[in-house]
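Look at the two complexes coming up: subunit A is in both, with subunit B in one and subunit C in the other.
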Partner chain A sequence: MVQTKLTTVSDKKKRTITKAEELAKGQREISVAEFFTKNRHLLGFDNPRKALLTTVKEAVDNSLDACEEMNVLPDVSVKIIALGGKEASVADRFVVTIEDNGPGVVKKQIPNIFAKLLYGSKFHSMKQSRGQQGIGISAAGMYGQLTTGKPVKITSKIDPKRNAMYYELHIDTQKNEPEILKEEEVEWEKDHGTKVTIELEAKYVKGKQSVDEYLKQTAIANPHVTLTYISPEKKKTNFPRVTEEMPAEAKSIKPHPYGVELGILMKMLKSTKAKNLQAFLKKDFSRVSPKIAKEICDKAGVYEKSRPSRIATQEADNLFKAINITKIMAPPTNCLVPIGKDLIEKGLKKEIDADFYIAVTRPPAVYRGNPFQIEVGLAYGGDIPSDHISRVIRFANRVPLLYQQSSGAVFKAILGTNWRNYSLSQSKGALPTGPLIIMVNIASVWVPFTSESKEAIAHYPQIIKEMKLALQEAGRQLSIHIRKRKHAEHEEKKKSYIEKYLPHVGIALKEILNLKQTEEQKVEVNLKKILEKHRE
Partner chain B sequence: MVQTKLTTVSDKKKRTITKAEELAKGQREISVAEFFTKNRHLLGFDNPRKALLTTVKEAVDNSLDACEEMNVLPDVSVKIIALGGKEASVADRFVVTIEDNGPGVVKKQIPNIFAKLLYGSKFHSMKQSRGQQGIGISAAGMYGQLTTGKPVKITSKIDPKRNAMYYELHIDTQKNEPEILKEEEVEWEKDHGTKVTIELEAKYVKGKQSVDEYLKQTAIANPHVTLTYISPEKKKTNFPRVTEEMPAEAKSIKPHPYGVELGILMKMLKSTKAKNLQAFLKKDFSRVSPKIAKEICDKAGVYEKSRPSRIATQEADNLFKAINITKIMAPPTNCLVPIGKDLIEKGLKKEIDADFYIAVTRPPAVYRGNPFQIEVGLAYGGDIPSDHISRVIRFANRVPLLYQQSSGAVFKAILGTNWRNYSLSQSKGALPTGPLIIMVNIASVWVPFTSESKEAIAHYPQIIKEMKLALQEAGRQLSIHIRKRKHAEHEEKKKSYIEKYLPHVGIALKEILNLKQTEEQKVEVNLKKILEKHRE
Partner chain C sequence: MKVDQKIKNIAEDVYKKILKKKQPSMKFPLRALSNVKYDPKHGFFELLGKEKIRTLSVNTVKTFAQTLKMMSISKDILKSDDMATKREVYYVSKNWGDARFNEQPESDTVMDDIEGMFMVNREQLGFTADEHGGDVAGQLVVIDKNPDTKKVVKIDCTKFGSGAYSIPTSVEHLKFETNAKFILAIETKGMFERLNRHNYWRKSKCIIVSMGGVPSRACRRFIRKLSDEKNLPVYVFTDGDFYGYMNIYRTLKVGSGNAAHINEFFCVPKASFIGITPQDIVDYKLPTHPLKDVDIKRGKDAVKNDPFVHTHKEWRKAIEAQLKMGTRAEQQALAKHGLNFVIDKYLPKKLKNPKLWLP
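After this line comes the complex of A and B, so read on.
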């Protein structure tokens, strides 16, 4: 009896389970590593060719950032070996090793930095750097593991007096946590630095989107770097530094009030250590003086001595609106390290054989509270083919962008510029045609890429506007050059006409006026003088 | 003395802190919510206009998925109200409410589902659904919070016999965890369902990328859905269902061996419950019979009774290679729910006034272990403008894709098809020109979008190939129609010539042969017969 009753209860229970309850059983957390394993194309691992480039790029970017943090001139080597006894062009598996002379990574952090996604130091600091998300190098390791089962191998030395550490790591994608397969102290001849080795399925192809091109463009935009490259074809290339001067050190800044959103403002109000509103605005933002802080509070109708944590949603909304109608100085420049007009022109000259070079570095501007700065370089004429559309070279914080040219802000800004104003031809909706190379660099504490694979810059109106202004400024200079050149060509033509026809005029005059040989020459000289004078 | 010594030690300590140790202090975990707050453009919140569409889209997609899970015909209402007493076209803040008659969400899961990124049931199941990442609706709520400070509001009822639950939620972006601001039982007249309200900064614009267009296209690809829409202009639109039949239920499947990567295979070998390799291959994959499993093991040179957890990296690699050279049946179709040839043609007919409609549903194929199926519909002639390039309508699992047309696989497949073979004109690198609308739908257990904002499909070669095949098949049908039409037009012309000139010929003959009226008519009729016969 008892048993029967129990069964009935259990049956009833079964019947009352709703669809929502059934569905709830499957609802759970998704690890970010699982997410990116499935969505690897978001990180630049769409195909074997791109995977090779992305792996090299992530490691080199990290190396350059690290060396600059330490203020040491970067010596970075890249070595790619084709596996399976195959020729480089047909191999499908490679070992990639990148070595630098940076500060190294402390033992405790090596597993996190190299085998955990969304882990790093750059995300939370408002400071210009190549890496920013704490994803790249771990994703490259994860891709290697996924395609070859092999761990990522790291050697790191942080102090000349201590031994280096050697690690072999897997990533546990279900937890997004590192798995240490091997950990040991090893001897390493250098004082400090990091070496990363990743084995992965990939394809080695040359051309505009190749590792070779990436390294070449990196050398252009980073004249203080020495790069050594051993290609899968075992060819060694050296890109020696052309300046011994380190770029200015990038400083961390506080957020600028313009562009900070209401939701962020509310979060900051809750977590600030400042005792009152005025102090909060001054201390937690850049470019807010006590006077400006008071002005903002007054405009918002909020007492400036209020406790920040006590500010209600409506008051926060008022503050937010007040900020955006108050005149506040542009953010400090020292968080940005543009390449600079001179070095851009040098870089272009080194690489491109042209008649005319011009570079423009715009003053810093702000999008969503993030300072950024646009630089443009143009190279015109010379060996550049004149019947093609212009070539575009894009950089973000000195990192070459090789993919998705047509979907980013740079492309939009170039298309949105009327190049016919600058003596160039341009079809509707197309890049200008002519012997022109356009280089654009954005320097920012936070570059808004259209995807995590960092290929193109998102269409923020402020960014596109600055790019257009820089392009226009450079375009005007170029236009002056082109017009001068055209004028000179025109003059040259006229002059050559005079040279060519004058003797005939002389002969004609001689015959008409029946002049002597000496008289004829005299007339000719005089005539030339008159004509030249007139022409000028 | 002691003090001095201590100071010295501390000084020494300070001196020996390496750069790596200094940097380590800043190295820490980044929450996925912080990541997506900064990278909101990845989720479709680039600008206020798109934010409105994305918010509606995420909520409607969830509602449709939920109703289909419960096998109930979806009744979904969308209401958008402009705030601040402004006209819809100039307002900058809106309240969006989406309500459905789905199963609801259990109390315990409401905060996670609506205020935690990467949380859901769809990611880990291999089953066709609109949502897949567990990001969308939480991201919409997060965007609302960021721009207005307001919480997301949810009402959910899972059982006619119980009260509904009402929640107001914030998301703690630093932890990616929900914050419950309000939680209460409320009465709600319906039996079950979910209502979500989000207040956000946005912009209401009509046109090809609008909420209005999204709902219209959703109605086309989902003929079993009834949609009610109250626009910010307070206009009410009804899209009633045209079929009472639910789409076939999508089944969950196991992964197909083709395309499963080495890394994934190794992970599966470690965590399987199967006792030996043969059983593992049979149980954990779809379409692997014991015979096929044995064949794979033999080809790999691995004993089929080995314990899966004991398989070493090299053996796993051999198995991986063996899988890819073994003939295995295509994955089961029942995990995919295409719209179907008939309903596509009906949908197109309902929406577009054309002369000719054709739809093609391809058999399922596989990319990276994920089954997918491509459908193409063409509408030609009629009211479609004939001097424009073709219009493209894209869907993924019946969800309209309104952005980034030119960067996805659909565009590439259409450009890669030679439409001149199908009697259409096409400029190099352009869409075909003519009175043509091209509709493409991909049905898959996992649609590989190029970004989390789900705008375009990534360039997987297998997907592009299937799209091309479907386009070609439809193109051939279209070509037959166009040629027939041209032929008919030609015939019509010839016929009209006969009709036009025959009487004159009759008159001429009459005069030449001096015929009577009756004879003339007789000759004319006979002549016409002969000519018509000849023409045919």
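After this line comes the complex of A and C, so read on.
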């Protein structure tokens, strides 16, 4: 930890200590370890239960992104071992190993990627991916190191002809730099891939916010992935892929002016390669023509040939304001990679036993200059419990969101949809009731979360509107199915009613009126005809 | 017309319709408050004549079959001069395969419908209640017959000690000897026991009856018969709540909407209310409980829908006052002023002063 050097003041030269000086004593550089400890809730390590999930989640997200970038169908295995010879439910220390068949990581980058916070390629690119901040896997390693003192262990292979590299890494918690404890070449039967092992203090639970649930939902939203899971209870689960079709490759896009905040704009101005402001606006943003660029400069009262690096704060602020009052075409949307209607239905089918599946993929839309696309899947009937409120499973770029369900946009959109229109029951201010699972995915280059822990989607009106439209479209399809089924059930019930109860009318009349057998039969035959005629 | 002939006629009607390939139907009087009127001169709830028609269709086929089956049971019982309790009838239905009743309330409802259809009491169909009839103590000799030997039995209701005479389910054959001055019908067994233990009936020369909540038909008929034949006034002592006023007192006095077709014989029009009134709650500073949602609903319903309350504005005032107070008090709350306050002060004062009664 950084210690400020305290000035020793001799008694003779005693003078008044100013407030600033007094404060300065307490001011010092904060180490990453301190930052991490104080902000662990933002990063998903609030408690031991969540720490286990976050560790698995960050590693699996990385693996899937890497495989897709290389265009190989992902085979990912997750293995969790309880330590200390304890049962899984009471153990407090675990070893988590995640292995993939991705491209591997080049030797030079391994220490940075796994043992330096905020290092990565994703933070700087405008491209749809699972991870966004490059904080995840190194944070998991750091959490392991802080709670157990054990290093992160990485095996990575990038070429079938070469050996794999094996590393054991610590993070220097003062400097946020990797510390290599062990580095060696090893043999590995795989052609290429990465294996990460982290030992950490954690708690294993089951239920809605468990690792088990996370992997199951991942399998639903990623039908092209094969997942293998060995739980702390030593139970092996396979989630095989149901399609060989890879998701389309995500394209990077330049930011749209509407989505840029002032601070980012100033940073871009400082680091751009463009020679003048007009060129900067045209080259570094999407949908800005030279004409629009000039219009923005004019409105801001800034000369369009100025050097971007010379733009002062006030002028930048004027530019920022000018951007927001200039009409600019919506951003391109070909950068989005939705799961797709067919694959959502396939994904739901393979993991959920229901009678009816329907999925809807909305056309792309835009919030604050960021393109996004909403998808909804519904699974109804079958083994889903029918007397409970329906279950909601949420995804952002195919990543399951397991926490803070009720504070996000998805929840709001579902509550704002009148499910009674779709033959379901729904109490006021509640989710619909019935044997229903509602899946919602948002695909976006920049998914707006309500907090850094990436658990709930922010309430942008455009996003909620798109969600509602998708839910309504799927709801209509579901309603058709439910009505058909109810009609069939009603017909069936009628038929069985007639068969069950009609004879008793005949019997009773026979008893009261001493009818003959033939007369009783006549009653039954006639009644059947009467009831068939009046089927209501 | 005899009941077994009525049964045959209805069945005949249904049978003929079926032979003509037409939907058969049965008509029942609507058993609800909305189908009764109240004229104090007549003294009881009378039917207005609204009907419900049960037409045989897919949705009604089960109840339709059950109604006919129960009529068939009634015919058999009447033929063999036997009786069956409501519960027994429910168990007989277990023989009907899919048409059986799942719960007794279902079979009770069908039985009430048939009663209404024929405008008879269930005893005339060969059915009897299995409910408790009520307890009696005091200056009364009940003259009954031994069911086996048919010999006359005289039952002296002063000789049960701390126990009581129990009203049988059928009371038509009973005769009475008494020198009592009035009948006091009491809601709770607890209050009855207190009055009985202290021989209240001897001191005030009366007959006390414990109704145990809403009085059974037997209990209502017993009080009616006794008061008619011996020309005795009837006073009713219940808790100070809407259940006591309406479900108990009003049912005893003028009958109910549910069994309106028999009210004429099962009501006690000369009954007066001497139970806890809203005014008593104030005057005696009685300990209270807040009204629950069901209580409030019951009170508002009475003001809105009950012809009895519409007729007697004293009742309307009392119920509205109590709704405003938002509280209720039990008859045993009088114990606040001493265990025997009810005997020494409350009842003597009430009985002496008809202005304190409610009609």
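In the analysis below, the second predicted complex is superposed on the first by the 382 of 536 C-alpha atoms of A that agree within 3 Å, B and C clash if a C-alpha of one lies under 4 Å from a C-alpha of the other, contacts with A are read in each partner's own complex, and residues count from 1 in each chain.
In this text, contacts are C-beta pairs under 8 Å (C-beta built on N, C-alpha and C of every residue); 3 or more make two chains touch, one makes a residue touch a chain.
The structure displayed is predicted, hence computed values, not measured ones.
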If you stack the two complexes on chain A, which partner ends up touching A:N112: first (subunit B), second (subunit C), both, or neither?
first
Touched partner set for A:I81, first subunit B, second subunit C, both or neither
neither
Who does A:Y497 touch here: subunit B (first), subunit C (second), both, or neither?
second
Now for A:L73: first (subunit B), second (subunit C), both, or neither, which partner does it touch?
neither
Tell me which of subunit B and subunit C touches more residues of subunit A.
B
Which subunit A residues lie in the overlap of the subunit B contact set and the subunit C contact set?
none
Using the touch rule from the top, collect the residues of subunit C that touch subunit A in their complex.
7-8, 11-12, 14-15, 18-19, 21-23, 56-59, 61-62, 64-66, 68-69, 71-72, 75-76, 96-99
Taking the complex as given, what residues does subunit B use to touch subunit A?
16, 18-21, 23-24, 26-32, 34-35, 37-39, 41-42, 46, 66, 69-70, 103-106, 108-109, 112-113, 116, 118-121, 123-125, 133-134, 145-150, 156, 158-159, 173, 192, 261-264, 266-267, 313, 316-317, 404, 407, 446, 448-452, 458-459
Parts of subunit A lying in touch with subunit C, wherever the complex brings them together
494, 497-498, 500-502, 504-505, 507-509, 511-513, 515, 522-523, 526-527, 529-531, 534-536
